[in-house]
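Next come the structures, one after another.
In what comes next, subunit A is part of two complexes: it sits with subunit B in the first one and with subunit C in the second one.
Now for the complex of A and B:
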């Protein structure tokens, strides 16, 4: 075995294709890590700036609050800037605190859903936390073409390099005429082939891991995390699958051209056709209403509430007998916003119903697509990467739920103050809710790992069954 | 050393080899003559275990090739009509590689000695095989037989396409191996070389060994006459 590996190394060194493969891999990995790291750094910068901006804003509120209480404030503040008013701190333009989804240490390896989902939201009483806050929309061109991230390199490009290094491992022996001499030696062809494939497998993995470590070191990535171990495992299993597939196809005893065609067709099937098919079926089985429909529903709810305004308000004042409904001209600012909040609550209830249908269909698509992942190792690998990077849609869904829960806390805190026209005090100022995620999504990639291992096992077994006939077929 | 007993090979309805009985002993060079399709290469391929017999048995050094295919190969060396080696490796590296597959380890000096013994010019030892002529590659094949310490040599038209000098050198190498006790089974069209190096000659026709005799029993002219009469009969 060692003898074969030694000569395999010698032969590989003289193989120009290997140098091209290595160069392509090096450039791709370095560029992908650089690209991902830049994106991650830009998010971290935004998060830092948000924190600073929020601290600055609330510090100013606090300073104004203290100086107003002490009577040392010289400049007069407009009523909507007065921090003693709960509306200023809880609802107006300058109010609100940020809910932030910090990127995972290895988030740069896969863009996942991060280019279309929000990673922060300014939560206040009336902020539209899930839609209009998304001020950091990705360039649509990038969304259409996909990001050049590590997942793209390793899920899409890497199999092509495996194919380039393995497609003719046996057929070339036949085509260059060395097979008869090889078969006349006291070595079993399966052992010889396994040794050669093992060497190339080890060589490619070693190259990838070295390149990853180098690029992580150069671009200052903190990779001493459990995720890195999972990343290594995912790459190993995915590479193993492509090698077992190549092992099987080599044993079909076809020409190098046929092997290339078969391997590329399989690559196309797993990388493009099955994911597209899954996407198409999911969209057809679980059609999601368009965003425009959602916006329309919201407008309709607003109009409907406006039409039923009096009925809603009557109900409200009946529930709060201590309050008296005033004519518009006689209303104070507090009276006006009390009614505004009440009406908005009804609109939110209506919109939530439409949003629920929207989310249900989206979830249906997601569940369907997740089941389809078991038909393609490429999808399994991409999902494993998204899990490691924590850019899978589930992380964003949970983040959105956490934001909504945070907004509910915010509302529960401020609503009694708005209704009863309570002023902010030193105590209540300190009690303003801060974002604390109630649930945290956990990465779970065991299904993907098992799926990838099963794919390798199936092709490994097919190859093993094939090799028993091989010795007789080659002459 | 090499034994075929009632060896038969059918491809569907086509009978490629019919009840062949042949025995090549230590120091023998058995030359199989016959027209194309007579069954010579089929016989060689059956000894190599490349194909399985329909009936009968092939033995190398007492080992049944059908059952002990891998083990039996440690006793043989094979030189096909056009011996191909890895073009991006040198002759020396090719020799080391194939000898290694046969679990024979040699130092570089020993390998050079083997290539010299096989008659390969020294200045080609460390040149890539892509620069070798057919004759040079055959010599690496002989060096491999020496490296494997092969007890039997299977040759499938080894001198076809060689110039007379290279062919003559090859014959001398076979005689050298013969003197070391190597049993050789050679399929060939070359009556002259068969007479020159062979100890036994067999003539095959349509899968049947129709004539078998000692080479010393006939002159070259007689051999040609017998051959033509046999295949035209």
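Now for the complex of A and C:
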């Protein structure tokens, strides 16, 4: 057995194809890691700048607040800039603190949904936290084309290298006429094939892992995290799948040309055809609910509240007998915003109901679409990568929920101040809510790993069934 | 002679199971995909029409309201779906569907479908354009990789040449032969597509656009046919030809587009949303703010208005000054927004040009750019829509401010316009860019693709005729 491996090693070293494979892999992995790292660094820079911007804004509030209180500064501020009013700190244009989703340590391995989802949001009383000012700028053509990230290299390109290294192991022996010679040796052909494949499997994996470690080190990525172990496991499982597939195809005893065709066809099927077909099925069998309808339904809710304005306000003043409703002309700014807040609360409730129905349908759609991932190891692998990188839509959806919860806190803090016209104090300045995620999203890739393992198992079994037949055929 | 060879090639291919099976699969996929696309198109179209109507109704029925409050209340513009999107939905998924139109602000289109889908959607969708761009070249490779190498391997090429047939005739015959087989598949698909378009709410122009999309595909397939025959002629064996051709396909369809995606961002960096907002805010503050009378520009404006009307206070003006200054502010804001949006759009277009330049290595990129331009599902059409929506917003806000200016007194914020006024405000009717406009942007890509076709044909003939058999 050891002989086979030694000769295999010598043979591999003289293989020109192998050098090509290694070179391609090296360049691709380095470029992909560089891209991912650049993207991650730019996000981290933005996050840093956000923090600085927020600190600057609130420091200015604090300074103005102190000097106004001490009377050292003449009040040259318009009323909507006066930091002593809760409205300035909690509602107006300059108010608001950031909720930020820090990129995960391994976020550079897969772009996932990170190029279309928001990773920060300025939360204030009225801010439409999921939309305004939060658009990630990315060229739609580039989004459609996709990024050259590590996930692309390993999900799309890597299988081609496996194919290049394995398509003719058995067929070349036959085509060169050395198969009878091999059969005359005191080693069983299946052992010989398994040994050869295992060797190449190990060799390829080792190369990939070395390249990954090298590139991580060069681009100074912090990879000593649990995620790295999962990444290794994902790559191993995916590679195993392609090797078992190749093992099976090799045993079909076709010519090298046919093997190439079959393997490439399978690659095409798993990487291109099944995902795009499944995507089409999912979008059409279970369509994403209409955003256009949602927009109008929200409007409808707004208009209805607007119509019932007086009823809402009457109820409010009944509940707050210390306050008196004034005619619009006589209202002070505080009076105006008190009613504004009251009305908005009702509107928000109505809108939330509409949004809830939409979200429920959307979630159903995603769950439905997700089932299709089990039809393709490539999709499973991509999803596993997104989970490890924490760039799957799941993480962004949870982030959005957390932002909304944060805004609720913000509102709960400021609402009584608006209603009762309380002024800001040194204590309340310190108590302004800050963002803390209420739900922590956990990576879960066990489903994907099991799926990948099952794929390997199926092709492994097929190959096993085939090899007895092959033995008889050549004998 | 060319025709003889072509005919022989054609008959042989038709008999081969690999052509039959793959052509059959592609035909089925194509028909299913066209029907599903059509279904989707109808759904979106009816949703869009309903949304437009509802939104207008909501605007018209807002009752008595101060016109400037109405400007803040705002309305929506919805982007219509194009008939040809059922052939190529281009960037539709990646662009927003609705724009909120309100006073003082130019908003971006919201709600990208892609953000509502999960990671699956990033793998691509089995649309007719997907099949044409990615799968048909594979069929071409499959039927032509052995067209010359096979003859070489069997020794029939020598036989053929010894009969006095020129090498040029042989290669042209092979190329025409592949065209005949591909054409046999394409013609019915073309007709099916045409039939489905007839059932949509198409405009006459869409038919020429459809023809142009098909022309683009024909040029693209031509490139692949030429290259396939070329590889087949000089490769040592059919297997090498096949592997080389698949390599070309991967480079053109996968590698180059993705590489360029990253490269384009290094060459033309996109600003972050934060930088963008900050510079926008800075520019806005350097001009008139209709809501802030203390703003120095507002003061200057006020002085000039008073002077022009020869009065000493705004109360004495024969109209409501608020409406006038609001409109002046609006125009400044629009100017600033336009400038910033234009800058960002220019960066996107520069990035797109990088993709166009990458066409040296990838005819696929050119084809994609062209078909989405012809289908009006591209970025430029989206910019066009956003521009028209903005023009409409300005026209609407002008009407609102005009009403305020002419019908109320200064400081009278209780003034409310009659409900009828809102019913008579301008309506938004979007007319997408004409074929002439599209041709202007598409011309360079179309020329490049034609060049690809001509060059690949020339090289295929040139190299093959010099080859020793």
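As a convention for this text, the second predicted complex is superposed on the first by the 468 of 475 C-alpha atoms of A that agree within 3 Å, B and C clash if a C-alpha of one lies under 4 Å from a C-alpha of the other, contacts with A are read in each partner's own complex, and residues count from 1 in each chain.
Throughout what follows, contacts are C-beta pairs under 8 Å (C-beta built on N, C-alpha and C of every residue); 3 or more make two chains touch, one makes a residue touch a chain.
Here the structure is a predicted model, which is why all the values come from computation and not from measurement.
S.K.: Looking at the overlay, does A:288 come into contact with subunit B only (first), subunit C only (second), both, or neither?
M.R.: So A:288 only meets subunit C here.
S.K.: Does the superposition put A:183 against subunit B (first), subunit C (second), both, or neither?
M.R.: The first partner, subunit B, only.
S.K.: Looking at A:303 after the superposition, I want to know if it touches subunit B, subunit C, both of them or none. Which is it: first, second, both, neither?
M.R.: second
S.K.: Spot which of subunit B and subunit C makes contact with more residues of subunit A, would you?
M.R.: Answer, by number of touched residues of subunit A: C.
S.K.: Answer with first, second, both or neither: which of subunit B and subunit C does A:14 touch in the superposed model?
M.R.: A:14: touches subunit B, not subunit C.
S.K.: With the two complexes superposed on chain A, say which partner A:388 touches: subunit B (first), subunit C (second), both, or neither.
M.R.: neither
S.K.: Which partner does A:3 reach: the first (subunit B), the second (subunit C), both, or neither?
M.R.: first
S.K.: Quick check for you: in the superposed arrangement, does A:193 touch first (subunit B), second (subunit C), both or neither?
M.R.: In the superposed model, A:193 contacts neither subunit B nor subunit C.
S.K.: Could you pull out which subunit A residues touch subunit C in their complex?
M.R.: Per the touch definition, subunit A meets subunit C at residues 31, 35, 42, 46, 49-50, 53, 78, 112-113, 116-117, 131-148, 152, 156-157, 160, 256-257, 260-261, 264, 268, 272-273, 275-280, 282-284, 287-288, 290-293, 295-296, 299-300, 303, 328-329, 362, 365-366, 369-370, 372-373, 378-379, 382-383, 386, 392-393.
S.K.: Which positions of subunit A touch subunit B when the two form their complex?
M.R.: The contact residues of subunit A facing subunit B are 3-4, 7, 10-11, 14-15, 176-178, 180-188, 192, 471-472, 474-475.
S.K.: Quick check: in the complex, which residue numbers of subunit B touch subunit A?
M.R.: Against subunit A, the touching part of subunit B is residues 45, 48-52, 69-74, 76-78, 80, 82-89, 93, 96-98, 100-103, 141, 154.
S.K.: Give the list of subunit C residues in touch with subunit A in this complex.
M.R.: 29, 33, 36, 39-40, 43, 47-48, 50-51, 54-55, 58, 61-62, 76, 78, 90-91, 93-95, 97-98, 107-108, 110-127, 130, 134-135, 138, 238-239, 242-243, 246, 250, 254-255, 257-262, 264-265, 270-274, 276-277, 292, 294, 344, 347-348, 351-352, 355, 379, 382, 414
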